[in-house]
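In what follows, subunit A forms one complex with subunit B and a second complex with subunit C.
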Partner chain A sequence: MSRSLFNDFLRHFALIVILMAVLSPLLWLLLTAFKPYEELFNNPPTILPESATLVNFTEGWEIGGGKGIMDSLIVSSISTVICLILGFPASYALARRFPPHGQLSFTILSLRMMPPIVPVIGFYLLFQELSLFDTYTGLIIVYTFMNLPLVIWLLAEFMRQIPKSYEEAARVDGASWFQLFRDVLLPLSLPGVLTAGILAMIFAWNEFLFSLVLTGDAVITLPKALASFFLFQQPNWGQLGAIGIVAFGPLLLLSYYMQRLLIRSFSIELGGR
Partner chain B sequence: MILLAPALVFLTLMSIWPFGYLLYASFTSYQLAIPIPIEWVGFDNFTKLMSGARFWSSLGITAIFALVAVPLQILAGLGLAMLINSISRGREIYASLFLIPMMLAPIIVGFSWNLFLNPIYGPLNALLRSLGFQPPAWAQSPEWALPTLVAVDIWQWTPLVMIILLAGLRSIPARVFEAAKVDGSNRVQTFVNIILPMLAPYMVVAFVLRFIDSFKVFDIIYILTRGGPGTSTQNLAYYTYDVGFSRFQFGSAGALSIIQLVLLIIGTTVILSAVRRRSAASEGGSR
Partner chain C sequence: MASIELQNVNKWYGSAVHAVRDISFKIEDGEFFGLLGPSGSGKTSVLRMLAGLETVTQGDILFDGASVTDQTPQQRNIAMVFEQNALYPHMTARQNIAYPLKIRGRTKAEIDEMVGDVARMLHIDHLIDRRASQMSGGQQQRVAIARALVRRPNLLCLDEPIAHLDTLLRARLRGELKRLQRSLGTTSVIVTHDPIEAMTMTDRLAVMRDGVLQQIGSPDEIHNRPVNAFVSQFFGLHSMNLFRVEGLKESAGRFSGSLNDTHAEVPRSAMAYADKSDRLLVGCRPHAVVVVKQGEKPPPDTFQITGRVYVAEPLGEVTLVTIQTGDLTVQALDPRKRDYAIDEEVTVAVPQSALYAFHTETEETLAFGESADILPDADLRAV
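Then we have the complex of A and B:
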């Protein structure tokens, strides 16, 4: 008994050591966010900031972090809402009328697999033609295109869990399509809607290549704003770290939820066959 | 049917319309910067690309990400998943913390590593120097730039493999292990005869997903090396970006995109059909 307890202790120890090593670059960026400019290029570097400061947060916001966060919020939240509006009815139809691993599901999902570099050139040329280059509308269209397949597919998985008898009862009571969606299906599939919405939001929030290529000076999403800091030889790492924490730190709170979701989806997808 | 229509119309329109431009560009002399009339050039863009050394070297680098980085991710992910699955409590906490690298924007991943590996003021080299080593300049050195990028890719995507395999390990019922113990099977035998076969479908899914995604590697290259030194870390995606948006040669860039799409379709089909044949064979054998 004590031997197995010792083994367990060793395993925890190994996991913690690996975890510290894995997360060290991120912890370093976190510490850097609190260092004043003079301290950034010390050799050897200081681990903890000698004179901790919050100036990087205020400056980082002013020199482009604020604009980046606003633009990213606009683009990713609007595209997420459109994805859900288009995806919700579509996923219902897909779940009820088509087989779970059929051709249509596969085709829709395979759009998601395409490397973004393939459609980006087509989008660039099309947007030049339609004057959508460097506009919110343009980027929203692209992010909707990028996320809609996944949203439909995920929502359809949730819709399949809803018993058909619920909607049949609603139909018998004379509910319209709209009422059926609003009063029956939406409340029942709310966890699915939230999940799909969060995922679409994260993917749009983190996306870089499309915004790099398809926008100029008018729309500057967060990843693009951060990348533009990097044009200088010695970027101000403190400001970069500060914006990074504010903009991407909150996402990490979803990590617990995400591992549950992923384990569950892969178990269902693969275990069910 | 009418419910599917808006989404399908949107998706179809947004795939076919830009794709039309892409196809058109790839068979013409489309260049944005030069105001010459656009000419139909047939397969010229493709043949020119394939006779250049840069195409083959970038293809090689994409292949390294797909065929070196991905198997290493599977190994590391398997190790981590087994370790996490073996502890008595706190599995979900470890799983959530190990998931962090893949939750982050690739751009932040790039920045963290760029700072961490900086040859002058980065902490890793400071540590190595203090231990008496003479560390290389990692992303800035010709020999180490590509291994560094591969390592960062492994760092970022091992968590996905880990989580898929954790789902797999959880699907193995406890009685299977008990039965193995009763039969007197030792740890290695249990691993080879029970765990690996039962994890196989999960490993295949992890491999296919990561294989497809390995064609997408771009952000970390952009932030860590800009494809350099020279062109030593340009994969197909970065090469396409460079041709299209630094030199505005959309004909060549379009052709490159189409080549990538074809490679990806061929690669995935080959893997999936191999898997199907295997599983069909093993099912036939067990009967």
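Then we have the complex of A and C:
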């Protein structure tokens, strides 16, 4: 065996081992979702479901998965839109008026680094006072607070890549600030806007702690719904698997889309002279 | 269209950089004005203040006699062509050109007509639906010029618009821009570090150095009557040769001195410009230099030094001979078809009538050399 062939073999072997370690829990989740309850406890366990069924999905939807998905969608999408609307102009200011690695930039990012457990007590007390406890509005505010620093910081990085001459050209052409943002900066930073939006969406979608502490029975996001399956009943692994797949699927699609966006945004820069 | 006036304009960046120092001049309505200088001379700052992209730290800018100092670029109705990255990359050429009209609320029919006109004028009709990335650098600059001209601005600002193009294209666009400017009569200001651009395109120009205005005049005036050694060296197809001679003395009726440890013969008439400590700063254009080979007799009454040929470059009609003496480099344009060997020993001779004299300390011009075409020995300088 030649040396390069041996190296190739080693490299692929290592890749396969790592992939198996990473993907096997996901695969198990996927397979479990299609197994009827009785089959879960077979000994020795079956790998492929012997009698595949969709009953876990329908039941899982009814016992709280459905509400979880709807609530998560409402809260994470609205907070993401608010993050982008507020973050876009803020990131422009950060990129153009402040030094790239200055104190302000760091302070904004450090807000995101704070452990979520730190502000949660403050939020709890505040929300009790303001009647925001267990409301969509409350959770949207918290997720906006949580994701805005990241959105600003990410978008500012994108904005810095845009040559100043584009906006100077627009100002000379007579564009107002609004027209400058809408006609020039937004189209040019669109890959960045979408990337930041997808990240904010994913973080809000996955968030557990704030949701657990700041909501009760009225708002139940998906992570909280999933967790409650353990708390109040014998966990039905099949239903958990089914809801898990539904919770994870959109993220997988978004991540895939984001990756393509990032590649495209780089190629735009290279293509534009 | 408008006349432009700068009154004692200053620009500070922070408190450390005084980029533009107390500059005043007037640009007439319809004039093609140049701002020329090396990088860091403040020429771009002046242009950007005219455009409103930089604030004026001190002083006033007037359009048609009314102050625009505090107006934004949007309010000034000016147009600008940038050095690069000028076109909006997400729009086609047509959308780029139409953009200033669109935000002014023109109707679609009007826009189509005006864009069509200006596109024909700049010969870009066939590119009209391409994006910036699908066009060459020259095509992009054409579209940028079209976008600037489409709305008949008060002032057209050109920030090194053709500096990034290749030589042939640059020469072509130079001519086209000049014709366009003349036919439209739009008051225009071009910033350039290229004396040829400034010389060929503009009606009048300002030469700047370290934020200070050196000279304003027609290209001809600045070429033939530079106010100081800097302008004379910076401006022109070939820069002026400068000779700084020290230790002048007379022996047997002839004057001589030393220049970088080389012996220099100085004509009697030039001695009038020597300073008290027997120093002299003279210069001449390369076409005035007579290269004397060994065995030839140098013409009488000339400034003379000896040196070695560094390289000789035939330019078709003339040969550009670069001669080194010590660490001084002298350029000569020799109209005669002669061969030069590298390191050949030659004498550089400059007729006294072609010599410029400068003050040894302030470097201000004390005397102008006669321009090339009225020199007595005309056949030698047919350039």
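In this section, the second predicted complex is superposed on the first by the 247 of 273 C-alpha atoms of A that agree within 3 Å, B and C clash if a C-alpha of one lies under 4 Å from a C-alpha of the other, contacts with A are read in each partner's own complex, and residues count from 1 in each chain.
We adopt the following convention: contacts are C-beta pairs under 8 Å (C-beta built on N, C-alpha and C of every residue); 3 or more make two chains touch, one makes a residue touch a chain.
Bear in mind that the values here come from a model prediction, so they are computed numbers and not experimental data.
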(message) Per the contact definition in the header, classify A:S165: touching subunit B only (first), subunit C only (second), both, or neither.
(response) second
(message) Applying the document's definition of touching, compare subunit B and subunit C: which contacts more of subunit A?
(response) B
(message) With both complexes superposed on chain A, which partner does A:E50 reach: first (subunit B), second (subunit C), both or neither?
(response) neither
(request) Using the superposition on chain A described above, determine whether A:Y256 touches subunit B (first), subunit C (second), both, or neither. (result) first
(message) Which partner chains sit in contact with A:A90 here, subunit B, subunit C, both or neither? Use first/second/both/neither.
(response) first
(message) In the overlaid three-chain picture, which partner chain does A:V22 touch, first (subunit B) or second (subunit C), both, or neither?
(response) first
(message) So in the superposed three-chain picture, is A:S176 touching just subunit B, just subunit C, both, or none of them (first/second/both/neither)?
(response) second
(request) Quick one: classify A:E62 as touching subunit B (first), subunit C (second), both or neither. (result) neither
(request) Under the contact definition given at the top, report the residues of subunit A touching subunit B in one complex and subunit C in the other. (result) 271
(request) Enumerate the contact residues on subunit C facing subunit A in the complex. (result) 51-53, 72-74, 77-80, 82-90, 99-100, 103-104, 132-133, 137, 140, 147, 157
(request) Please give the residue numbers of subunit A that touch subunit C in the complex, ascending. (result) 163, 165-166, 168-176, 179, 183-184, 187-188, 268, 271-273
(message) If we count contacts the way the header does, which residues on subunit B are in touch with subunit A in the complex?
(response) 1, 3-4, 6-8, 10-11, 14-15, 17-22, 25, 30, 80, 83-84, 86-88, 90, 92-101, 103-108, 111-113, 115-116, 120-123, 126, 129-130, 155, 160, 163-164, 166-168, 170-171, 201-202, 205, 212, 215-216, 218-219, 222-223, 236-237, 240-241, 244-245, 250, 253-254, 257-258, 260-261, 264, 268
(message) So in the complex, the part of subunit A that touches subunit B is made up of which residues?
(response) 8, 11-12, 14-15, 18-19, 22-26, 28-29, 32, 40-45, 47, 86-87, 89-90, 92-94, 97, 108, 111, 113-126, 129, 141, 144-145, 148-149, 152, 202, 205-206, 208-209, 212-213, 222-223, 226-227, 230, 237, 240, 244, 248, 251-252, 254-256, 258-260, 262-264, 266-267, 269-271
